[in-house]
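Down below is the structure, laid out as structure tokens.
Letters are used for the chains, namely A, B, C, D and E, taken in the order the chains are written, and counting of residues starts over at 1 for each.
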Amino acid sequence: MLKVKNLEVYYGVIAAVRGINFEINEGEIVSLIGSNGAGKTSTLQALLNSVKKKGEVVFGGYDTKNHKTHALVQKGLALVPEGRRVFINLSVEENLRMGAFNNDENYKHLKDEMYKLFPRIEQKRNQMAGTLSGGEQQMLAIARALMSEPKLLMLDEPSLGLAPKIVGEVFDTIVRLRDEGITILLVEQNAYAALSISDKAYVLENGEIAISGNAKDMIGDDAIRQKYLGG
Amino acid sequence: MKIIKLLMLSVAILFLIFAQNNLDPYTVSILNNIAIFGILALSYNLINGVAGQFSLEPNGFVAIGAYVTALLILPASSKIDMFALEDPAPIILAMHTSFLPALLMSGIVAAVLAFILSIPVFRVRGDYLAIVTLGFGFIIRIFAMNQTKYTNGAMGLNDIPDNANLLWTGGIIIVTFIVMLNVIYSKYGRAMKAVRDDEDAATAMGINTFWIKTYAFMTSAFFEGVGGGLMASLLTTISPDQFTFLLTFQLLIIIVLGGLGSMSGTLIGAVLVMGGTEWLRFLDQNMDIFGYNTGAHPGLRMVVFSILLIIMMLFARRGIFGNKELTDMFKRGKK
Amino acid sequence: MILELKNITMQFGGITAIDDLNFGVKTGEIYGLIGPNGAGKTTLFNIVTGNYTQTKGTVVFNHEELSGVKPNEIVLRGIARTFQNIRLFKSMSVLENVLIGFHHQANYTYFESILRLPRHFSNEKKIKKEAMILLEKFGIADLADTNSSSLSYGNQRKVEIARALATNPRLLLLDEPAAGMNPSETEDLSNIIKKIKTEFGLTILLIEHDMKFVNQMCDKVLVLDYGEQIFEGKPSDAIVDEKVVAAYLGDFEHA
Amino acid sequence: MKKITTIAASVALIASMSYAKEVKIGVVLPITGPLAAFGQTSNDGLKIAYAQNHTLKNGDTVKLIVLDDRGDKVEAATAVKRLINKNHVTAILGEVASSNSMAMAPVAEKAKTPMLTHASTNPRVTKGKKFVTRACFIDPFQGAIQANYAYDHGYKTAVIVTDAKQDYSVGVSKAFKKAYEKRGGKIVGRVIINSGDKDFNAQVSTIKAKHPGIVDFTGYYPEAALMVRQARAVGVKAPFIGGDGVGFPELIKIGGKAAEGFMYSDHFDEAAATSPVAKAYVKAFHAKYHKATDSMGALAADGYGMILAAMNKCKDPTDKICVNTNLRATKGYQGVTGVININKNGDAVKSGVVRVVKNGKFAYLTTVNP
Amino acid sequence: MDISTFVQQMINGISLGSMYALIAIGYTLVYGVLRLINFAHGDIMMVGAFVAYLAQNAGIPFELAVILAIIAAMVTGILTDKIAYKPLRNAPKISLLITAIGISFFLENLFNVLFGGVPRAFSAPDYLTKIIHYDGIIVPVTVIIIPVVTLILLFIILWILNKTKYGMAIRSLAFDIPTVKLMGINADIIIMLVFAIGSALAAIGGIFYAVSYPSIDPLMGVIVGLKAFAAAVLGGIGSVAGAVIGGFILGFTEIVVVAFMPDLGGYKDAFAFIFLILVLLFKPTGIMGQDLDRSRF
């Protein structure tokens, strides 16, 4: 579904991503883990052409080279950005409406589905999104991304700043979405949680992929555990 | 290095003396114009380019300076004669000095005003600062128009003694240039640049950013005031309409062209813009020869300058010199 | 105790960022603050440096209360900081960046600099010399004339720390100093920090994510979650603490 | 003997031909900018006069160098510097607005170059100046025309509107007040405006409250038009009277119906043109522009004519001092706008007219002699 | 001052305030979205008035001329953004401000070159210039029409902002441009829409201004523009309703103060700036505005 070849991202002279390769197949949860500044967010932004990049990104057979961010989203890539970034000055429902900006005909139906998926936000549908708690905002951000009916959903640090219990809920949701057929790219600092639900994982270090492989194997590998999982 | 500097200084002074005595008055008036706008732009660049505070107020300070000098050097008799709307206030009639003290007074009054204004102005940042200073510049002009007892209102002042000449304007631009460089290459100048680059980080270095900005604002205002005084004496006539936002705009073009924060660049910018303004006169009036005048395009010069400014911002935001000085370039060259 | 925080609470428009926090840093210690993003670590820094005014509580530095003291004055009292996303003065050279830190140690007035009186020259010479010595300690003296924005990430971090040291602090606050560095750069940095700590007699309070780094460096850590303190003690104890693992290090059991 | 005279004559002719020089006259006018209407009409008249005569008695050709100052006084002063130092003109004609002429005067005075303003009516333009002369009457006379006309036609109370930005307006206001009160009229109010203003609601309310018999508007036409319009909109019924600054077609265009009945003192009206010079000018003007003549053009033509006449009296027409002396000594010059005598101040003593807006056009009312 | 004059001045104040309000909305929308003081906005109002004038001179009926003027202003506004602002989206704000000033001078001087600085008479159909006499009060029709149209337009704008997806997009844009793109929305189109709406309102304001004070010149937008900006800040920049309220307050103050204290007449143009400075110093969020970094519109 998504093939990335020799992806590079530079900010001025500073390299954030130094030529990485990876692949995501349909129906998988793939996680990209690594410490702060390892290049995870830059990778996501490069996939959406939000930053200048070098290298090749092929999504569903398309070369994404000459597409703008919004066009790629229309093609089925969706990103739940780091820090959630819900539109705090819009109501919950308006946030969902924004998610379905190019999807007028399915809006009503999708909205009901989202409320079913996240009953907690349905109760607050007319509240300003800024008044929601962190966990609720995260759910709204995911719901908003799903409103465009993406083929590939990318999540940037969904656990960031959330209480562990809520993190659990969010991750459960991610698994459920995969089961419903959405391919997922998960970027996480919380490596254990990410690996525990992933099929495949890539460890980014200093803009390069240090290790890649089956997620379950990685959790079991003592050396990896020692070096990257802080345990 | 020191010898080169002294040599340059003496060449400049010799040139001024030569030009004042040998060139025709028209050329001298262009040189005067360049010098005055140079003085104003150099001082404007300190607050705007070096300290990064986007003030749009220089027109106000120039106006203050022009009025102070004009009122100080005009004899009482011509004031009585000139004030048409209302009789001049007694203090206006009483004040009279020679030229140099008048110029200094212009600078001091402008600097004191800058000090008073710095309290409200530096409570805001960025484009709000721009709009607040624009507002103060505007209000100063409105006062000049309405305080007829002191300013003769919108009609302004005429027959101001023409004490200024190229030696004055040229001498003062040299002084201004040296002072500005001295400020820049001191801990205060460094702090101004730090405030420009990152105000919070400057605070985190223990710098009192309010005072640093105020120093820059007052120094800038002082020389703008002096420049205004020179302008008044050189033109022999002033009125509030000369100190509109257009004046600020011209200075802005000069410093953007030369490079925000670069004093050497500003000098070159002043020569190019003021010389160019004179040279581009043909755009405005292709009607020197009598007969056909339908082709006059007033303001075409300003159209050209506006486009120039926009193009510079879009493609060459750093101007000719960036924020470096000529001497910095020599240094780099040596390395 | 060089720094004591008592009952610090910080609210932003009704949202509590820090909730009734108490801790103290002993003189000469390297004290680590850890916790997930948004836990309130940087907010805490901003309270100590005077950029934010806490809703409740007091900060005591060197037996003096810091409430109402302006950020630039707090620096003069001996607290210096670095920023999470390195904030150098981009248009200036490395040397000039460090000289900014020496601003208050150069003793001449504005008029003295305009008139170029002797004190200007003698003081400038003095602080330039000291700045070069400082840069040498960080091993970046040869970069003195380089523009700070063209440095590598690691060197930028060094300049930022050198600049903070130039203000002659007693307490140094480092906000994620190792972020974005590769392991060798990180190691280099931790050596330098240790070195300067002894040389300058500093106390250091730092925020960091890299547990390895924290383990290596810190005498004591405080783990924050949602503005609340969930652990205080040795770093080696932190990684096995259940609460810390659950909130920050990740939940082993979850699947 | 005859031969000799012929030879001498032909030598003189050849000499004069070979020495037929170009004599330059610099002209400064607000061809563009807010005062453009004055500058352009002046220029139109100047062209007619130039076409009628541009050769001096000695055979020299006159060359005009016209500069636009955009109505700005600093530009005006710069233009004079440029004309004198770069173009080496012998004399300068211009400007229209008194403020601008006053900025030019010191420059001309310093360079000892004769300057003739055709239309600046403020007394201070020539005051104390040896090289500045004018071809028009001055404000006190203009103010007096308005005051007398108003008083004589039954308007015994007046409000004066002064444009604080214009020396011209301030001068006429003073003169009106003096003359009007001398006759026994009563000034019941005074309002201040500034050129460039558009909203006069406050001022017209004041006027309305004063219930004057007449409103003396001493400024220029753009404000006159807007003000009379707003005055009529709030119900001010008193007629307006003004000076030569309002007599432009835009008064009627912008003022619309409200401008009907607006009276003003002026320098020239073709209905009053009886002299052959005036008739020739009017004829040439109509032929060239197909529109009614105006006073600015006529004054410019006279100013040009006066300079030429002064030059013709000099052996060397480029002798600035001589030209100036003769210019200042002008007596009984038969111009388009009437007979012009220059008094010791350098001001012209001549007759004026009163005109009115009638049926969307300017109409002649009467001629007033000094 | 008698009661009829008083009432009349009140009506005049509301009318002037409406014109400020119409122009202020454009400032508030653009500032809300791009954090840019669009210096050229006042000049776009001038462009609108000029196009209406030129169209009428070419024999086009007034109503059609108004539509042409609105279109021309919208095109000018959009082009301004495309040429001068869009390339600088990621540049420091000050660069944008300088280009905005440049555009403003460009438009003023271009029109000066093309049409000269002489004020031109702007004609309007009789039904707009009519004057109603009622019980001693003389009311030009415009002073009634202008506030009514302003309020109608205000409600339309608020409806667009609050009820349509494009309006929601504008509101989200004000908060976070990159995230809006993540919704599959072409942010540039939405910004274009903002300029189009703002410019259209400016053109309407400009035409009203030209009808009320029927002489137009290339510099007519300068002072009015700055005052409208002041009105926007007064009302709370970023708030459309605030812009309208700010406009009314400013228009009202100008008229009423001058009417009751004619001595202050000369300072009339300074009121806007005095308000502006006071607001920025003591209540930077204005009357209706909330925290600038948190909420918009």
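Criterion: contacts are C-beta pairs under 8 Å (C-beta built on N, C-alpha and C of every residue); 3 or more make two chains touch, one makes a residue touch a chain.
Computed from a predicted structure; not experimentally measured.
Under the touch definition stated at the top, subunit A and subunit B share these contacting partners: C, E. Comparing the centres of all chains, each the average of its CA atoms, the largest separation from subunit B belongs to A. Note on interfaces D-E and B-E: more C-beta pairs are in contact across B-E.
Placing every chain at the mean of its C-alpha atoms, the farthest one from subunit E is found to be C. Computed from the mean C-alpha positions, the centre of subunit A lies at a distance of 32 Å from the centre of subunit C.
Look at where the CA atoms of subunit C average out and do the same for subunit D: the two points lie 76 Å apart.
With centres taken as mean Cα positions, subunit C sits 42 Å from subunit B. Chain contacts: subunit E has residues 112, 116-117, 266, 294 touching two or more partner chains. Multi-chain contact residues of subunit B (touching two or more other chains) are listed as 145, 298-299.
For subunit D, the set of residues touching two or more other chains reads 32-33, 70, 164, 194. Touching pairs of chains, sorted by label, consist of A-C, A-E, B-C, B-D, B-E, D-E. On the subunit E side of its complex with subunit D, the touching residues are 1, 5, 8-9, 12, 16, 112, 116-123, 129, 131, 138, 140, 213-215, 217, 220, 255, 258-259, 262, 265-266, 268. Only residues 35-37, 83-84, 87-88, 91, 93-95, 97-99, 101-103, 105-106, 108-110, 112-113, 116-117, 222, 226, 229-230, 233, 266-267, 269-270, 273-274, 276-277, 280-281, 284 of subunit E touch subunit B when the two sit together in their complex. Remark: subunit B residues 24-27, 29, 81-82, 84-85, 145, 148, 153-155, 158-159, 162, 235-237, 239, 241-242, 284-285, 287-291, 293, 296, 298-299 touch subunit D in the complex. Interface residues of subunit A, counted against subunit E in their complex, comprise 48, 50, 68-71, 73-74, 78-79, 81, 85, 87-90, 94, 97-99, 101-102, 104, 130, 144-145, 148.
Residues of subunit D touching subunit E in their complex: 32-34, 36-37, 70-71, 164, 191-192, 194, 198-199, 201-203, 205-206, 208-209, 222, 225-226, 229, 233-235, 250, 253-254, 256.
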